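There are two complexes below, and they share chain A, which is joined by chain B in the first and by chain C in the second.
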Partner chain A sequence: MAPRWLAGVVFMALAAFPLLAADYWTGQLTRYLIFGLFAMSLSLVWGRAGILCFGQAMFFGIGGYVMAACTMGLVGGALTSSYLGLAAAVLAAAGFAALLGYFLFLGRGLSGAYLAIVTLAIAYILEQTLKSAYTLGADNGLSGVPPIDLGLFGASVELWQETPRYYLVLAIVAAVYAALDRLLASPFGVVLTAMHGDPRRLAFFGYHVLSLRLIVFVIGAAVAGLAGALFVAVDEFASPTLIGFGLSTEVLIWVALGGKEMLLAAFLGAIAVRLMESTFAELLGDFWILALGLVFMVSVVLLPRGLIATPLGRLTSGRHRDGT
Partner chain B sequence: MAEIAIILLNMASYVLVLVLVALGLVVVFGMMRVINMAHGELFMLGAYTVVWLQAAGAPFWLAVAAAPVVVGAVGLVIEAALIRHIYRRPLDTILATWGLSIALKQAVVLIWGPASHSVAAPMAAAIGVGDVTYPVYRLLLMAVAVAIIAAVFWIFLRTDFGLVARAVIARPDTAAALGIDTRRIYRASFVIGTALAGLAGALVAPLISVDPQMGLGYLIPAFISIMVGGAGPLAGVLVGGGLVGGTNNLATVWLSPVVAQIVVFLLAIVIIRLRPQGLLGGRDGA
Partner chain C sequence: MPLLRTVDLRKDFGGLAAVDGVDFGLEAGTLHALVGPNGCGKSTLFNLISGALAPSGGRVFFDGDEITGLAPHDVARRGIGRKFQVPAVFDALSVARNLAVPAWARDGLAFWRAADTDAPMAALEQVGLAGKRDLPAAELSHGERQWLEIAMLLASRARLLLLDEPTAGMTVTETAATAELIGGLAAAGDVTVLVIEHDMAFLRDLGCPVTVMAKGRILRTGDYAAIRADAEVRELYFGRGR
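Right after this comes the complex of A and B.
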């Protein structure tokens, strides 16, 4: 786990960013922060609890669509508050994860490769369903999602400028990071690590592995749902690509490249890959994706702990742990 | 009557292609626990081999015959450069082959462009029995597919190589202790698996649009077929492919293709959840 001072340095640097950069980049980084939040959710579920979810974008997409539907007034004309939208998005993603997790993990349950393929198939199903859901805009998605409105009781404080929006998102992301970091440092986090190591032995100690898996899956989904909700409010657009196969595998690459066992590394992995994408995509054109695929392949083989987590781990712990 | 015959023929040809793709996948997965997410792209490379050779003036059947050789050679390189480093980390094979699949897809985009290509069927004729007419090429495709599937079963169930390979699947360490070169068997199986994907891609190339995204449409159904049928016994692929492909194709008679696929996936997920070892799997399948 990354030490607190390191996380402090990272978030301070992110807070200083808008002072130095143009508005355009502040806007871009707002989105990357949200992707970083999303990456944290997968890092928790996959890296810390050993649940390889190949369809994590389903929770991001559910969060996004629920937020869009609420704030655009598709559910009820009066219930367009951003607070309500965010809460509904998080609850919807968490609720879906609870049902799905119960179905997937109960009894002998699915794990490993089987779980990966089944979650991938479910993300694919959801994407296809949304593409033909005409009330939700089908292929075109929902455009014109209103920005986050912090106003209460009729007052309106819409965040549509880049800088205040950036700081709001940064504050939320930092708060979620701090909460997850505390959670993982708590006895619950220790039990999670034990479950990742050997679930059967943990069960012999009297822990209920199903509930542990469910809890962490639901927390991960809630975080992903929050990220999705923030994303549509910032991007003002919700489309079926948010829920499906493409984003699910993209987040997997960010997390794996950054380092799945370390929340901070997964978070930075998402930001780094997106930043490089926007820089190199112009320079390298179509070769960028080819390069990303190859780098990903090499990193899985040679540095399975991740390209960011490995040096960070050496930097902070001093002693060098085995790579497998 | 004529309509029913055509529906059944279409179903059979889809099922046979799916079984061919899944067979390559299961040889690799059942044997080495390697989840090859790039299998769909190897299928795609088979189809592009035909596009490439036909553009160079080669006749269709020569191109089809060359496809498994070309793709098998690619498979050999992949095994040597990537897969052999991660045999002992099965979950990492998902990620590494996913990276490979992205790279292969993009390489094809760079060479042939993102647009779809069409491959001319070698024969446009249709055969008629009574009031049913059906394209000859589809009938030939089915015959070739059946022959290849039978050949793969023969290799794994009747030859010395198959016996050794099955010994390696059942007890890798014991097999190695008995002097079997397990690495060589793994390599041979991986190449067989990739060559099958290439051949399947080449055979269906005239029937579908050949584009860089074509692999995914077969990868997920193929995986689901394996899981429904059971990854242990080879025959699980026949059951799984038959059920998944057959139901999917039959459902399109009443439902739109998208809805049919969604329904089939959902049913398959329920079966996989209830019987993780697959319908034919006796022992621990996962």
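Right after this comes the complex of A and C.
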């Protein structure tokens, strides 16, 4: 776990960014912050709890579509508040994870590579289903998703300008990071580390390991659902690509490159890969994917703890030897 | 009434009876050893009591309640703590945190409070690891890991300790220290200890009653000297003609 001062430095630097950069980049970084939030959810589930969820985008996509459907008035004309949309998105993603986790962990006892394959398959199935769901725009998705409206009691405070929207997203992301950091520093977080190391030993002390896994899975899904909801409101567009195979594997790469065991590193991993992609993708064309793949393989072999987590860990070593 | 009692306990693995009708009782506050050659069924018996395996037949009672076929976490919550043959400690955590984890299992798990302050230090002092509380468990020696796991059972406040070869891989000095430690635990009367062991010197040091198992059944029960002198036990361990 990254020390708090380090997280403070990172979020302060992100807060200073719009003062120095053009509006276009502020808009891009808003999206990258959201991908970073999404990466944190996988870091929690995969890196900290050892649950190989290779279809994490399903929760991102569910959050996105629920937010879009609510705020566009597809659910009910009166229920278009952004607050309701965000709450519904988080609850829907968490609820789906609870149901899925109940059947996969408690019902079938799935873990490891089997769970990875099943979750990836479910994400793929959801993507295909949405592509033919005409009420939700099918292949074209839902365009014209309204921006986040912070107004209350009939007043309207729509955040459609780049800078205020950036700060709202940054505040939400920082708050979720602080909450997850606190959760991981609690006894529950220590037990998660123990579970990752030796689940059998934990069970013989009286812990119900499958319930612990289910709790983390649901928390991770709620965070991913929130990220998806924020994304469609910023992008003003929800499409089947948000829920499927592609984004599920992309987030795996961000998290693995950054460092899956350190939430802050996974967060920065997502931002770094997206920043590099927008810089190099045009320059390198199709070779970008090849270059990213090579970097990924080199990092997995040489720096398995992650390209960002390894130097950050060195920077702060000695004080956090117990891995929490 | 015994604290632990098994009645006609059985476990078949595809026609092979690993545990074949074991009736065993253990009084509260006592220390008892279980010995026997490899494959005699003593580890399977531990697995049946601790919930790692479901029995094919028979019943297990603990403290008056039937616990036959309960899951490991349910058995543990009732106060049976198990030490594994290969020491199972949490390498990524400090020694103090290793003790906090089993303590939270009893006291309740907090989600929103910093974990820093918790550490049941008494258990650590009992096993002589108090000076290493902030060290990662991965940096302990093999013998220290065995002791840490015993301390973890004490921290969980288990009433019955099932110790599977607690001196495996230990030096002679460490083995003697372990015998003293386990003897001390039982003498204090807070816990009941059932220990699986191969090491004869260790059994002599423990000086407790011994039950010998062979081919899934109980062969003999008696004190160390009687077991040592028993012709049938000698034949079991050393083969015919000795």
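Just so it is clear, the second predicted complex is superposed on the first by the 315 of 324 C-alpha atoms of A that agree within 3 Å, B and C clash if a C-alpha of one lies under 4 Å from a C-alpha of the other, contacts with A are read in each partner's own complex, and residues count from 1 in each chain.
One rule holds in what follows: a residue touches a chain if its C-beta (ideal position, glycine included) is under 8 Å from a C-beta of that chain, and two chains touch if they have at least 3 such contacts.
Note that the structure is predicted; figures quoted are calculated from it, not measured.
Chemist: Pick one for A:Arg200: touches chain B only (first), chain C only (second), both, or neither.
Modeler: In the superposition, A:Arg200 contacts chain C only.
Chemist: Report for A:Ala266: first if it touches chain B alone, second if chain C alone, otherwise both or neither.
Modeler: A:Ala266 contacts neither chain B nor chain C.
Chemist: Have a look at where A:Leu104 lands relative to chain B and chain C in the superposition and call it first, second, both or neither.
Modeler: first
Chemist: Taking the superposition as given, does A:His208 touch the first partner, chain B, the second, chain C, both, or neither?
Modeler: It touches chain C, and chain B stays clear.
Chemist: Per the contact definition in the header, classify A:Ser186: touching chain B only (first), chain C only (second), both, or neither.
Modeler: second
Chemist: Who contacts more of chain A, chain B or chain C?
Modeler: B
Chemist: Given the touch rule stated above, what does A:Leu86 touch, chain B (first), chain C (second), both, or neither?
Modeler: neither
Chemist: Could you give the residue numbers on chain A that contact chain B in one complex and chain C in the other?
Modeler: Residues common to the chain A contacts of chain C and of chain B are 324, listed in rising order.
Chemist: Which residues of chain A touch chain B once you look at their complex with the stated criterion?
Modeler: 52, 54, 103-104, 108, 110-114, 116-118, 120-122, 124-125, 128-129, 131-132, 245, 249, 252-253, 256, 286-287, 289-290, 292-297, 300-301, 304, 324
Chemist: In the complex, go through chain A and note every residue touching chain C.
Modeler: 182-183, 185-191, 193-194, 196-198, 200-209, 321-324
Chemist: Spell out the residues on chain C that touch chain A in their complex, using ranges where they run on.
Modeler: 50, 52, 71-73, 76-77, 81-82, 84, 88-94, 97, 100-102, 104-106, 109-116, 118, 136, 152, 156
Chemist: Give every residue of chain B touching chain A within the complex, in rising order.
Modeler: Against chain A, chain B makes touches at 35, 82, 85-86, 89-92, 94-96, 98-107, 109-110, 216, 220, 223-224, 227, 256, 258-259, 261-262, 265-266, 268-269, 272-273, 276, 286.
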